[in-house]
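Chain lettering (A, B, C and D) follows the sequence in which the chains are written, and residue indices restart at 1 in each chain.
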């Protein structure tokens, strides 16, 4: 039994190795030294203090956006358009962050984050409401809401929320009382993200609400039979998924950007999907994947500068890792019985 | 003479179970062989191997002297095997015609010739006197009709061997008689028949030979001439089974379930139940007899709060029960054994333990202030698995690993251990073996004797007759008669069910 | 009754749109023609991308890797066209790439029974990583596909000018291909089997239809269409490959597929409707409507889609087996 | 280290050697647009002063990412760092304060000079001037009098290009005594793909063409390029590119491309590098030159009189004697 467990744990490790091996061939084919590239990757991403800081800071955001997607997946909802919720959360956070003066940090920051989460929840919850009451599929509504939110956010940043002294479109700087302090240089966002992961993990493991959402995700008819309000669960699932996404946008602003420009946030929502899938929609299991990806991302520039390889190698490596970690090839090779990953079955209409 | 079908030394294992263990069976031309066994004995696995749906681990299957490639359905069909499946293999959103022709469509080039297909289906249904509307969409049809489509599908090709895996589980007595007639006719025309059922009187009525499986092994062969129903049951279960239900007189108390002027619509928003009124007393079993599709499902769902009540009220122990609130109704003391366990009654990827507490997970002792208590759940599950003899290595296993009968036991165990005032049992023994039927019936009676009001809905007229203290016959969404259970006349009820006036 | 509801809404919407169309055609023929044609241009690549989804999902395979399929095909199509100095070769290679990409997707989902959402995500990030990693600047193609008028149809009254003039070959091809897919899906034996496999693979299997084969082939046909769209965007619309040129259209296409209820003609209508809303928002800018901020004008197609869906209500019902890999044992 | 011929940075830090590092905005030095132009300018500048040039492409639009990339150059003792795009503004200001010995050139970054250090120059352009000149040419080339612009996201530089263009058209119309309808500006909706949506550019251009618009300014990365390619397929219509001379970057646009509204990013960057070498680098907000690209084969089709008028108006605009009317 012990032996089997260690074999299952080997799967991700072997997947990473396999991805790196294929990556090495591609790098060598372009006339560079794979060894040098990987050295830079490890040194810059995981060894130096600055690198580790950047890694964990990125990992924190990845964990949070992964949690947003995970929360939906567990309730059978595919929040493919979390990006719109991230954006609205980020802008709402920023507005409170620069507009409300005179609050101490321990009130201002949590309050602004709460408002960010609230706005994310509004957007996500609206999609959930449309699904529960009108049967509008969340994949459509969230993708459409993405574009709508992009336009709304763009309008606000260009007008009411704009820093007038700058010719370019951006908001004023977020006040220090709404910025996330680093504790001894350690990215606080990462700690918050891990705590959030534990909370979400607990919800699905131990709480009745989590069980209700899970049941709705697995068999809607049985959930209804068992006295679970399917509609309420759908709204709740999207609401919380959106809240986490909005919170992620706020945290990113608080820790990293310092003011709001829509482009800062591109890709956060979609990254969350990759992370959630890599972690098999398990809130705790997404953490190592996020750290790994965070590390690769933070070493990306150094790889180009110091090793001369296109930084896009990182996205390629990521895809390969996801492929090997999920395809049964590796698992078969090392004779693991690790169950294949499932997220939702189908569109879970 | 060479046997038509020859199964030799067939074995098949699934993780943790040996479903078939070195089984050898012959079926001759024109012979009707009944395959008996408890739930999980391995009957379905065996016939699925013959039809190529399961690839056996070892053994050979020969038909008319030719070996069939294992695990190849198309080959089985080519060799003239037809099969009616235990679980319907129909495409719900397609028409009857489309379902029947699937796989071998009348065609011109790449195109399906709709007209020819339709004519073929009409002719087929005439030939076997199995009436179906060729253009109806399958999901709109009652299960009985769906079963007919399954049978027509299997009969469509000129087959040498017909496999029937519990074809009668959802049929009315009349339909069963028709089915048995079809089977006899086919056998007379030389088709070999392999017939799985849990209804022993059917076996006695048509089988030439009976083969019994237990725990994956062949335990004996007999024939209706050599034995009786009791004997068959004993062979299957390995012990004495009491087939007739023993129950004392009902000690009827106050009204526990009161339905007044209830109207309900079906999924297509058509009237399914209209102005329906009924009272069920504590301490009695009221059986609703009726051909499936006469509003029973909608009635049950409306009573249990799962379907909107257009009109009327449902009172439990004198209090109004809420509309569209299954939890609210449950909390008033209503238990519900749903007719479709796979769809409504279970979450198949959940553990047996979670399924045993599926509608109580939020109640004490299984949860407190929104936090679940796994120790309490497991203790409870352990007890129920033993008490209800649910065949599984562990209550941690997923419900999907259970055989049909054992899945049903999970649902029944969950619903009958909650000390409910009202028990709504919809098709509680569908697809369940005789041993388990006996067990479930005993449980229902003891619930009645414990003071619960039991509303029993069953397409199984025998079940209704043997359990009910009163019988309500339902037709077209209404009650057409209420009869005393004692000495009720089978023929008379049958006529009422068919909508014939007295 | 529910089904009936949907039909009424569809009917009302169709009538309303037709009325608006006829009215504005009479009021201002040129602009109406131009807007309708523009709607087609916006909608057609999306409609074709939605066909990829339909081919896959009708047979029970969810494909969220449409984006990646188009990206990879556009990439190879463009570079091969550039290298061979032949856009026909480029287009063929694009289609082949689509087939190969979907073959990988099919292996993952059908043979290895991987989670289908994950498989699609892998295709997407693999495509994005590969195309940017291998990207080389400075390549050009000798010429790109021309636009042209269809001789007779182009002169038809009412629809002729809007549908059959001044469009590229993909537009016209789409007008043939989409109905062809519809006919295939609803009139042929292959289509019947495909739908059966997507709804209840067990049923198809017990009828002797090979679930694996039907799925593999449909997914690969879908891939070919995806390759075609990717190739055409690079070889016709733009004439060059740019990174991430798909710009999320693969996901919009999925939304339109659902909007169109997994029906080829439905998705086509949805895509054209979406395209029309875009053309309309452009037209509002052309008319110089300045009292509404531009962001709110450009938001129109998205708001429109949500509103139409919310009002016409009716639960969408995906092919029942979509997303589930088929285990023969459990038949 | 990779890239061009002059990229060996092992000797950086030795006196007199100018080492130039370019930190791109999210995007690549091959984007056929401003990242590429800045990188080419840096290389040209390096060549002119006998220095070294290298680039790092940013992978995320965050201050942290930009800061890290700048730090990579600083650690290697580069002495000129070019940051591209206004998204990098904050990071550049912070880095300039942190590394007072390094000269910073922030492209498209308008500085609040009360808060910045003198080793930082914000290099900007009057896009409205380039747009105006291109529009003026369009005003003489249009036959129908109907002109339009299909552009990316409505952000200030894009806005200035587009409105400058419209004003230029109107000005030319007035000169000719014609009252043209206002030039139509079509913006891409907000979203991550505003500058990478060729299908949008193509479809919108086609919509304008079919309504008789005959000179179209397509400005906005991939979105604009899609427009150019589409316009080129309709005979007798003209298109105008943006930022760089798109004759080379979008060759399939050549049948319609009469010119491109350019901001001379490369020249501006090289110019600042030369100033560093000469010791005349001053920091603060500086403006680079704008103009329109050569006519290429259209030189023979655009009447000489029109060409002369355009040359004259260019002078007036650049000297400031004629205002574009864009705030």
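Heads up, the rule we're going with is that a contact is a pair of C-beta atoms (placed from the backbone, for glycine too) under 8 Å apart; a residue touches a chain by one contact, two chains touch by 3 or more.
What you see is a predicted model, and the numbers here were worked out from it, not measured in a lab.
Visitor: Based on CA centres, what chain would you say lies at the far end from chain B?
Guide: The most remote chain is D.
Visitor: So the centre of each chain is just the mean of its C-alpha atoms; given that, what is the distance between chain A and chain B in Å?
Guide: Measuring from centre to centre gives 46 Å for this pair.
Visitor: Can you give the whole-Å distance between the Cα centres of chain A and chain C?
Guide: About 28 Å separates the centre of chain A from that of chain C.
Visitor: Centroid from C-alpha atoms only, then distance chain A to chain D, rounded to Å. What do you get?
Guide: Measuring from centre to centre gives 34 Å for this pair.
Visitor: Between chain B and chain C, what's the gap in Å when you average each chain's C-alpha atoms?
Guide: 43
Visitor: Can you pull out the residues of chain C that are in contact with at least two other chains?
Guide: 135, 248, 295, 298-299, 317, 320
Visitor: Scan chain A for residues touching two or more other chains and write them down.
Guide: 147, 151, 154-155, 158, 314, in rising order.
Visitor: What residues in chain D touch two or more of the other chains?
Guide: Counting only residues that touch two or more other chains, chain D contributes 154, 189-192.
Visitor: With touch defined as at the top, which chains are paired up in contact here?
Guide: Once each pair is checked, the touching ones are A-B, A-C, A-D, B-C, C-D.
Visitor: Which stretch or stretches of chain D touch chain A in the complex?
Guide: Within the complex, chain D contacts chain A at residues 1-3, 26, 54, 56-65, 68-69, 71-73, 86-87, 89-90, 108, 110, 112, 124, 153-156, 189-192.
Visitor: State the interface residues of chain C toward chain B in the complex, per the touch definition above.
Guide: Interface residues on chain C, with respect to chain B: 1-3, 184, 187-190, 192-193, 195-196, 199-200, 202-210, 317, 320, 328-329, 331.
Visitor: How about chain D: which of its residues touch chain C in the complex?
Guide: The contact residues of chain D facing chain C are 28, 30, 32, 148, 154, 182, 184-193, 196-200, 202-204, 206-212, 222, 225-226, 229-230, 233-234, 250-252.
Visitor: Give the list of chain B residues in touch with chain C in this complex.
Guide: These residues of chain B touch chain C: 14, 48, 51, 53-55, 71, 73-74, 76-78, 83, 85, 87, 89-94, 98-99, 101-105, 107, 110-112, 153, 265, 267-270.
Visitor: State the interface residues of chain A toward chain D in the complex, per the touch definition above.
Guide: Its residues touching chain D are 50, 54, 57, 83, 146-147, 150-151, 153-155, 158, 165-170, 256-259, 261-264, 266-267, 297-298, 300-302, 304-306, 308, 311, 314.
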